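In order of appearance the chains are A, B, C and D, and numbering begins at 1 in each one.
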Amino acid sequence: MTGPLNVSEFEAIARERLDLPVYDYYAGGSDDEVTLRENIEAFRRMRLKYRVLVDVSERDLRTTLLGTPLTMPIILAPTALHRMAHPDGESATARAAASMGTIMTLSTISSVALEEVAQAAPDGPRWFQLYHFHDRARTEELVARAVAANYGAIVLTVDAPVLGRREKDLRHPFMPPDGVVAVHLLGDPRTVTTGDNPIAVALNQPSVNWTDLAWLRGLSDLPLLIKGVVRADDAKRAIDEGCAGVWMSNHGGRQLDTSIATADAVADVVDAVDGRGAVIVDGGIRRGTDVLKALALGADAVAIGRPQLWGLAADGENGVRAVLEMLRDELSTAMALAGCPTLGDIDRDLLA
Amino acid sequence: MTGPLNVSEFEAIARERLDLPVYDYYAGGSDDEVTLRENIEAFRRMRLKYRVLVDVSERDLRTTLLGTPLTMPIILAPTALHRMAHPDGESATARAAASMGTIMTLSTISSVALEEVAQAAPDGPRWFQLYHFHDRARTEELVARAVAANYGAIVLTVDAPVLGRREKDLRHPFMPPDGVVAVHLLGDPRTVTTGDNPIAVALNQPSVNWTDLAWLRGLSDLPLLIKGVVRADDAKRAIDEGCAGVWMSNHGGRQLDTSIATADAVADVVDAVDGRGAVIVDGGIRRGTDVLKALALGADAVAIGRPQLWGLAADGENGVRAVLEMLRDELSTAMALAGCPTLGDIDRDLLA
Amino acid sequence: MTGPLNVSEFEAIARERLDLPVYDYYAGGSDDEVTLRENIEAFRRMRLKYRVLVDVSERDLRTTLLGTPLTMPIILAPTALHRMAHPDGESATARAAASMGTIMTLSTISSVALEEVAQAAPDGPRWFQLYHFHDRARTEELVARAVAANYGAIVLTVDAPVLGRREKDLRHPFMPPDGVVAVHLLGDPRTVTTGDNPIAVALNQPSVNWTDLAWLRGLSDLPLLIKGVVRADDAKRAIDEGCAGVWMSNHGGRQLDTSIATADAVADVVDAVDGRGAVIVDGGIRRGTDVLKALALGADAVAIGRPQLWGLAADGENGVRAVLEMLRDELSTAMALAGCPTLGDIDRDLLA
Amino acid sequence: MTGPLNVSEFEAIARERLDLPVYDYYAGGSDDEVTLRENIEAFRRMRLKYRVLVDVSERDLRTTLLGTPLTMPIILAPTALHRMAHPDGESATARAAASMGTIMTLSTISSVALEEVAQAAPDGPRWFQLYHFHDRARTEELVARAVAANYGAIVLTVDAPVLGRREKDLRHPFMPPDGVVAVHLLGDPRTVTTGDNPIAVALNQPSVNWTDLAWLRGLSDLPLLIKGVVRADDAKRAIDEGCAGVWMSNHGGRQLDTSIATADAVADVVDAVDGRGAVIVDGGIRRGTDVLKALALGADAVAIGRPQLWGLAADGENGVRAVLEMLRDELSTAMALAGCPTLGDIDRDLLA
């Protein structure tokens, strides 16, 4: 017997351990889950034309993202309510990311307070994902807390003005299990006054637009990224309006179904950003070769969502670390086999 | 337990309730049912490049079709013999459409007389679908009755000069169940004098051509649309010859098998019509994102055929309304997620 | 209960009636049967853009092929040893073709002598398919007999210089059943002196080339076609060298596996022939829409191989006739639905 | 009952005879085995446009590869540890290749010493596949031994700077069975001092680069090929730097998963080499038509890996010979059916 050999095997373990509504909440997508599948397939369809006879005895996976040095171009995407996966919740995840030398992006829908997460891994790089609240004061307060707790960037989610229709969550209505609380949402009046999914109601703010972005940028000196971009024109505008980067995502296939797979959108967005900001990509990253392909298309880093949760459910902090190690090692192997000792050697010419 | 979450689940309920010959008559297509499947797949294959940071807090789905204000760009396509699905038949459907603020298109092969349908929902917008009868006098009479009963448009079906070969209907020969009568066909001599499918025999009129169209236009002041168009040249000619619009359709995959999916034909037809008439599309609409895509390609509205029947079979008037609400809500969500607060914001640039 | 509704249902009946080795001999293809499947799929993948509002009350399916008037552009391809399918063998097939007003192409590997077949349907149009024998005298004799028996054309098979590897026939070695004899091969020395498939050994003549074609043309005044063409240059040369036409075929996927599907090769061949000779297409015709597509690509007629055998196995002469009627009716329906009252109305513009 | 009819049936026999870890070691690929499958599918997808009326009574499959006359353009690729498949190991394979008049390429990871293999088939053409060892002296020594034993070329593997992740080997860790030894690796210090796959550790040498190639060329007068090339620029450079040819391969889908299928890379590489060196292709060759396609794309020869092992496992020397005969006969048949009596007649125009 061996431990899980790949991300899929981590998912299989997590599926066994988690209650079905929780597993489905994490794993599911919207509508017919076309984009959920396409995110994975789009990377898998791309073919690599590797180089030979390059000295790859030392691979250097280090990079710098918005000034933060990382051991690898793989960071953690924001995902909700980690205590559903493991009692240690986001603290475990933060420790794992810190120990691996990469960024954890904490979700607004965290089950552990952002300060406590910061304390769990004080030296680790961390970003804060933000939903723009109905109540501007709450948004302001959350940003201030993130600044105070030394989060290094604000990542505003922009692909969820309303909640995507995730039918699995409607079939066995998703409610956080007893004792798991979306701590940053406590006290939001809409959280308690509606029978609908309280998280969704509190967070989705359909009026948010480019004007609010300017206001948000003024709230702190932290670099701001927008997450959920798939279009070149949106990416260009974000940079033009002062964003430090764009985070390409379709929310893991959980929002607009039949959205373009992020893999298929990277090249255009990278060309539009044209080096003036960071480009991060999530959605469908399950193998080191997926990371290699995203970088070949021009992304600066990738982010993983569900894989971290499978690791967390399987073995807490150790599990998250194991997933990160696995993808790092797979990327390192892929770079060796592609003839790319450094990230700088990875370019579009690798793609058939 | 929840109610049906999507159109497919409505179909599952209908399949349980209906006798197999009736279900097969509604659900089946011609020959190998290639086009039946393709209609759905063609929409599903299209990928959306949604926009972000647009204020979508208010979505406006209202439109005007041939002068008729609608609450949404989704109307009911003509389908046969609603009393096979529910005792209230077309009256229930008409009440549902009216209550939702959209058009019901009554089929010539109605199981309730057009006047009775009009009375069931006197204020609802309604169109009348016409088969050109062998006997011109009958055609004339039907149009006159439709005018008298305040139908707002005549929709001439042109993709059924002969009946497509629907093998399911041949395997367990389709005959309307006892008590369900194609009321507008009563008295047609061919209905009674042949052993073949009486509806088909009465209706299919293979000689109908552009000349008859001119004659038809002269029968009333109602706007005339032709339904069953998939070609740009046919669409252009229809407009040139005075039609108020074209209704793109391949009869739901029930006529010429391996016809092009309507989704794949929209762009060319829209370009040919060039704004000089309305373009309506049916075939394969099962999700709000399908509606969004049809509109993005340039259609003015979509029509749904089978989904209304699944709703009718599941719960009569309420079921039809539930299906319309479902698609309206899905479209509203899709518009929000695509960054399109109004129908005017939906254009081809959304499609990858 | 109804009779078979389509060609597939005829095949199902035949599969039940025939001994497995015989069914497999008829149904099988070479190697991995890629081309066998592709022939069918290539037609099925093509999409039709039908025309509307054309008077199609009278469809005229008549055509003339090499001067022979036919009731429809569907003829019978040569297939081997009909007595394996039905005791009446090729005589039954000939009677069926004659009664339907179309051509039967008799195979050299007939189980009934060509004169007897001619007598069975003296007024029916018939062509003779020829394998170029090792022994030129035998070839000469067969052509002379065909001339004497009023066959209207010689169809030289050119895609079988050696026998394709049909693994099903090797698994349960194919030998004609007792009493079924390839009558035109009797007395061929190689038929009796080898343990291999006697038919194959007698017939495959790998040296046959363009020079032999000239010699063959000199043997009679009958028009000569070559059967087995998929290339434009070969087609052009055949016409240049005096052939009356080319018969596009890949031998029903029984010779070179992974050959191009004939459907995918028609347009180029038609363009190369440029009206200077007839173009006949076989391979994958199972529906009237397949015929329509072949004609739309520019073929003058299609030929059916296996479908006639399924009909013959199911019900002898009546079965062959039923298959021909079925395809004729399907073609007529397809022409009506495509807006093509005559064969002359069918052109490439119908294909998406 | 008949013997195996094709390569797949040989594999089925081998699968039954071999212990699962051995079968999996031979059959498996890296990661998700995408490239393993794609190698086969890419050839299968290509369509042939065969020529007719060419005299193919004599097919000449002979070719000359780097000055060595061969009876066919099919050689044996290096594969590891033949004694796992059959007690006679590489000696049996060598005798089979020699008796068939083609090249055996002996792997560095041989289970029989290169001298003993040479003695087993002294007159057969043989090449030696080389891994560049960590210890240059060992590399030097192996090349010297290959020269002394009359190997005709050195084939340096360049697509394995590190070992691809073959999960099947990790699930039931692969270790050579008792008594099967990688004889050329004996005494390598890293072979004995690590718990990891000893073969991998000894061989993978990630620093090897173009500079080492120059050094290697100086070690002997033998022609040098690099094996594992999929890129045109790498191929061109190899020739520019004095290689006698390039061996296109992705290591049978065992190294970088989602690499381009070799079939899809041939044309570009052939164009880049432009006749200045030999081009050999392995990966996915299972049928004579695959060989034909590789040659049509411009390859000089193909190499088979797994198929030889299936033959060896099934019946030792006779089994390897049977596989070679089978592919030779299939190629001969394919050439006949494609209208190509000689290898020189095979060109890209055969491909659709």
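Miscellaneous remarks
To be clear about the criterion, contacts are C-beta pairs under 8 Å (C-beta built on N, C-alpha and C of every residue); 3 or more make two chains touch, one makes a residue touch a chain.
Note that the structure is a prediction, hence the values are computed from the model and not measured.
Chains that touch both subunit C and subunit D are absent from this assembly.
At the interface between subunit A and subunit D, two copies of one sequence, fewer than half of the residue numbers in use are shared by both copies. Relative orientation of subunit B with respect to subunit C corresponds to a rotation of 90°, obtained by superposing CA atoms and rounded to a multiple of 5. Separating the CA-averaged centres of subunit A and subunit D is a span of 43 Å. The centroid of the Cα atoms in subunit B and the matching centroid in subunit D are 60 Å apart.
Among the residues of subunit C, none is found touching two or more other chains. Of all the residues in subunit C, the ones that touch subunit D in their complex are 31-32, 34, 38, 158-162, 164-165, 167, 170-171, 173, 206-210, 212-213, 226, 228-231, 234, 250, 255-261, 264-265.
The residues of subunit C lying in touch with subunit B in their complex are 2, 5-6, 44, 46-57, 287, 289, 293, 330, 333-334, 336-339, 352.
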